[in-house]
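Once you scroll down, you'll see the structures, which are given as structure tokens.
The two complexes that follow have subunit A in common; it is paired with subunit B in the first and with subunit C in the second.
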Partner chain A sequence: MSSDYEYDDDDYYDDEDMIDGTQDDDEISDDDMDIADDIKSAAKGKLKSYEVDYDSLSQSEVEKHIRDDTEHICGILGVDLSTAQLLLRHLKWNKERLIEAYMDNPSKVLVDAGVALTESHSQPQAAPIRTQSSSSSGSNSRRPTRSSSKLIPSRSSRSSPTSPTTSYSIPKPLKASKSIQHFLCPICFDDDPALRTLSLDCEHTYCSGCWTAYVVSKVRDEGEHCIRCMEEKCQLVAPDNFIQSILVPEPGAPVGDPTEEAENAKVWARFQELLIRYFVSCNRDLKFCPYPSCTNTVSCPSASSKLSLTSVVPIVSCGARGIGGQDEQLSQSQGRLGALQGKEHKFCFGCPIEADHRPVICAVAKMWMKKCRDDSETANWIKSNTKECTNCQSTIEKNGGCNHMTCKKCKHEFCWVCMGPWSEHGTQWYSCNRYDEKAGQEARDSQSRSRASLERYLHYYNRWANHEQSAKLSLDLYAKTEKKMEEMQITSALTWIEVQFMKKAVEELDKCRQTLKWTYAMAYYLAKGNEKELFEDNQRDLEQAVEQLSELIESPIEPENIPTLRQQVTNKTVYVAKRNEIVLEDTANGFLDGRWKWNASVDGFDDPDPSLIAF
Partner chain B sequence: MASISSRRLAKELREIHAEGCPVGIELLKADDFATWWFSIEVMGESQYRDEKYTLQFRFDSQYPISSPAVQFVVGDGREAPIHPHVYSNGHICASILGNEWSPVLSVIAVCVTLQSMLASCKKKERPTDNDRYVRTAPDNPKKTRFHYDDDE
Partner chain C sequence: MDARLRRVNKEITDCKNDKTSNVKIDLVDESPFHLKGTFPGPEGTPYEGGTFEVDIVIPESYPFQPVKMKFITKVYHPNVSSASGAICLDILKDAWSPVLTLKSTLISLQSLLCSPEPNDPQDAEVAKHYMTSRSSFEETARYWTRIYAGGPADESKSGQDPVAIAGLEKAHVDRFEALGFPRDKVIDVLRRLNYRGKNVTQITDDTIVEKLLS
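Here is the complex of A and B:
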């Protein structure tokens, strides 16, 4: 597949820098340009360690893949196109399995896939003929002896793929036979002699109106692409050209109700989209863009196996921007405007997270998200309202009564105040009032351990949530910045191009906050040690830089300060981008080197050393 | 509006009036093309001897392409039969009303199927998840996604 990085982030920034550089000649933008050039050459040369190789496919490109696969099967099995399509869909587009199963027992595969057996197929022995006729044309050497032994020569001509008996797809107009028997549609009970009637090869015949209503309801309401005959228990599946003949009027056909025809055309388009979606969902190398109304597909074979996801974070982009309908497939030159209006369709190929969760890998990101969903809401409440049984660690809420607690679960009796065993309270040993009593100390220890665990979590969660919140506010920041940029053009002699540094800073900030956010998920699960400390050093440096840049952007604008501000912001932006690069690169390299150790068991990794497990 | 649904229902009704219902099934009410009521009882030896239940059909404009919403009427002295596929709120878990519905089936065909579902019952009991289901069940049984695990 050809690689196409037209919409790649880095290129996008580079281009802007280039324009900057050509338009004004002061030192800062020269600097800016140099760095940009560095990044550019790196991007062009090879992928950075935190990037994956992927390809964006449009709907028609996917359709081509589908066609290729189908034709391939036609050639090998010697079946017609629509049969090949039904067979492939039935076996989830697994060509190898289909060929194997078909060689084994063609009639069974055909019946299971909802294809009608033609006359020659109705007798079990006759079925392999098809196989035979195909093996002569196909280049398959696996089974000549077996299939030829079943060959019935006298019939082979009838079942050749081009033979007229294989009429899976042609809707049969029954008008010709209506003179013999008056037709009454068994669904709507219409008996108009002018009725157009249709049937699949099973000859279960209904009027075209009922067929249309049925297909429309299946496709539109149920999102179903596998449409069986309406007859009860009939397993035949309608091939694509049958569906098409129902939904799309043939040229020269009498003109129907235009609104209905437009509606049916929409359903036909939807049907084709369903087929593509099904194909994509069956193929591990492909993923449909999850953004609303987007019809692009991304191919990323390097992230298709579960194993690969332990070392790469396959963040991809389908190339489109914004929400469908606005049709914002913006090119680079327009991209500078588009970035504010519509976000790029970035998502993770390896998991359902619809955002860039670099640097952390999918499995850990998933664990973190799950933990956040479970814990964050209730954690605070638990912390302030409950204590744990010192014996079995069950969480207990005291909602009344005295301080003599009996754990519902383990029946351990203890004192709510000092957490020591109650046995000492009713006797001469009563010493709840005394500080630093040993038993109580131990109890408090075990309790404080779980508190500490909670506190550890909250530490990371709060920082995570903070960056998430800031990212949500970035839309506001965009708007504010835009206003500021306008202000600057008025209060200073700067041109539109020259005030773009503000917007660039905001965009970089957004990107870095996204990274920072996920570094907290990563740090929560990283096992203690030098590696983690280095990771947190990098995290700290990025965070510090981000906060400084953030402050600069928010600072009030005085006309006389603008040149200084511009210089500061530009410098900081470049620095922040560098820090972000370092965090992403170092973490990605760590995954490739197997440097990261976890404090919990992570999918695809060895279980952690017991001494490293976090409580 | 002479939609497919009303034309088809009119025809089904005409046939019911002309030919009558199968044994054990009686049309109670069919004043419009939205809701019909039938009474249903199992003839001969069965767990449901001498018991009579009321079956309600609700049709939308997509009938017969889409299945009717069928349930037993509960309330006003009426009860749903105790059966492993019938919930106490009257909802029925039968594949023929869901993914195996076919537009060629008719109201009477559904009645007959449900009648034989009752007739073949060996032990009178509620579905195991009855309480949980009834607590959260939607008004229209068609909105439930049943799992048709043990039916034949």
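Here is the complex of A and C:
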């Protein structure tokens, strides 16, 4: 059971690169796929060009992989389980490198991993017997397992009769150093004869209270899973069963303080989570779900190399929904989240963005996010929720997701984003989404070059930010609408099923606005030319459809107009979904064909032709 | 009793009772978790004869997390910030062990004064000074010890150039003296502004003149 899957160890990262997700290799070898083959769930439907193949693993599934790897190492190296665990963690779960290093020099690996003591280690005075026997065995004959220490007379034989706290035993590889006469804990200075004391193989002995406080502090405050002996410069690492014996009371142990035991149980769970996170971080085919209090992992070998990220946008989902148990009770002000509840845990496998940034690839999304951060000052004014009517200058507040604004005072209809008259937005020739490069060109000739560059950025940023804001406002509006629909279920003959069309429409809108948002990041960096124009045509078609649907769901709802509205909304929702599909699919195909050219240098692509570089 | 409190109380008492050690720990106010450590500068170093005070803050999870220490007394040393007194020492960070005590940590600080680690500097300017001109560095460190840590006036060095002792450059002092300010005053102001290295380009002449006039 231990060797039915295998990591490709050659491609493991040896350095810290993998921690932040930057990966330097350029190829995915076929061997990399082995883990995915092994855990692949039942046959999936055919993937669209903008989708990646991935699987989600629960915490216990990852634990099983960890167990299998560990047992595999136990079998090969002939070491016990806790030794194998510490060795694997020390070598970042790279089994092949571990085996190689171990075959080369077992004692060095054991010492480096904190499993064994160095030969020069000076024993504390409390353990004179041990020093003798281990020095007589010599360095090469020493059996490289933790159990080697069992060859040495254990102190339990001599102290158990006098110890008042030996009513239960501790797992084998550790030692319960029983209360020696006049034991004084060197950390808390407690010398109560009833103290329970513990030590690792180094025999550095402390009271169990200090051990607990130390482990809790390391795990909870530092998020550390590698916990060394408390002695200064002692490199021994506490094995898992030692940690467990400290945090989890053993059967038959005297009952302790219930709050403390509950807290310790939490710390033990956190420790196990840290171990899983570490395993996941060591394997570039895996990524831990970034959603709060979620413990699932996603496996996506097809996005594990840097090269693959120039052609795919690996948006994955861990399989879970919602936002964690304890967040269930949402305050009134978070009503918007109500509509988001049950939303799946979508994130990007290739970069730290915790959202669906399709259709744009990670490198460009990252450039855009950085640009937005750097320019946030200048772009701040856009976030304002109010604008003036271009006709009568009265203040207009945006309160829905729709961009079709009508001035309450003068009835002037205009577009919220470009402030142009709305009458022109339905027609083919009007493009609210397209930045007029020509105007920019003229401005460039004059001395206002930097102003033109800012305006170009603001054109895209404005639309990017607007879709984000509109999506939120639509959700707010939906929360209100949903309430109204619930009331109508009571006052009219409508059934629950019949009022679901609104929910579907809002969900689709949210998805499409997400796509639209990122199309503006993409368009900002696309080199001008035919390809960009086609991209912007698709973008415009989706945007128009989205705005129409947005407007529809904001129309007043009365029981008598529901059947018509439902028909209209349902049709529009289907159409919008189709337009979204077109944008995603065409962009993804463009990446696969190498069709997209940039106006700035993008990681993994050739530098742009100088004539295409944006000012 | 709270284990942290018991431990700190015992550490303070032990330190008081230890007549052989020259390290002292005192309360700052009523709290046993905010203390002041004092030790003499090690013999045979530019810090000899000075008395160094260290601010000690005991964190909530002491001794499982390291104690927080920084110099109250200004020290001219590569691993101590000349401005804030912050200390760069491994045992105050990753290499901390719960078996270390306040006293042993203060003794480590004392030995840090004996053996600077310029490759892991806290104060880059001072470290540069240490690396480029050891004797000039030592003059300045000795000067700081005398001025800030109550060190002795060095008899054998009387008559030596006060500019070098302050770690300054003669040309800088001459330039401001030429403006009509007394030489002592120029040396004092430039020393207090740490007018060395890249500070020379960062501190404007106006600032210096302002200080000289005040």
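As a working rule, the second predicted complex is superposed on the first by the 406 of 615 C-alpha atoms of A that agree within 3 Å, B and C clash if a C-alpha of one lies under 4 Å from a C-alpha of the other, contacts with A are read in each partner's own complex, and residues count from 1 in each chain.
Simple rule for what comes next: contacts are C-beta pairs under 8 Å (C-beta built on N, C-alpha and C of every residue); 3 or more make two chains touch, one makes a residue touch a chain.
This one's a predicted model, so the numbers in the text were calculated from it and none came from an experiment.
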*asked:* Please determine, from the superposition on subunit A, whether subunit B and subunit C clash or fit.
replied: clash
*Quick one: classify A:E232 as touching subunit B (first), subunit C (second), both or neither.*
both
*Touching A:Y214 in the superposition: subunit B (first), subunit C (second), both, neither?*
both
*Determine, under the contact definition given at the top, whether A:D593 touches first (subunit B), second (subunit C), both, or neither.*
neither
*List the residues of subunit A that touch subunit B in one complex and subunit C in the other.*
186-190, 206, 209-210, 213-214, 217, 221, 230-234
*Could you pull out which subunit B residues touch subunit A in their complex?*
4, 7-8, 11, 62, 64-66, 100, 102-105
*asked:* So in the complex, the part of subunit C that touches subunit A is made up of which residues?
replied: 3, 6-7, 10, 61, 63-65, 91, 95, 97-100
*Enumerate the contact residues on subunit A facing subunit C in the complex.*
186-190, 206, 209-210, 213-214, 216-218, 221, 230-234
*Enumerate the contact residues on subunit A facing subunit B in the complex.*
186-190, 204, 206, 209-210, 213-214, 217, 221, 230-234
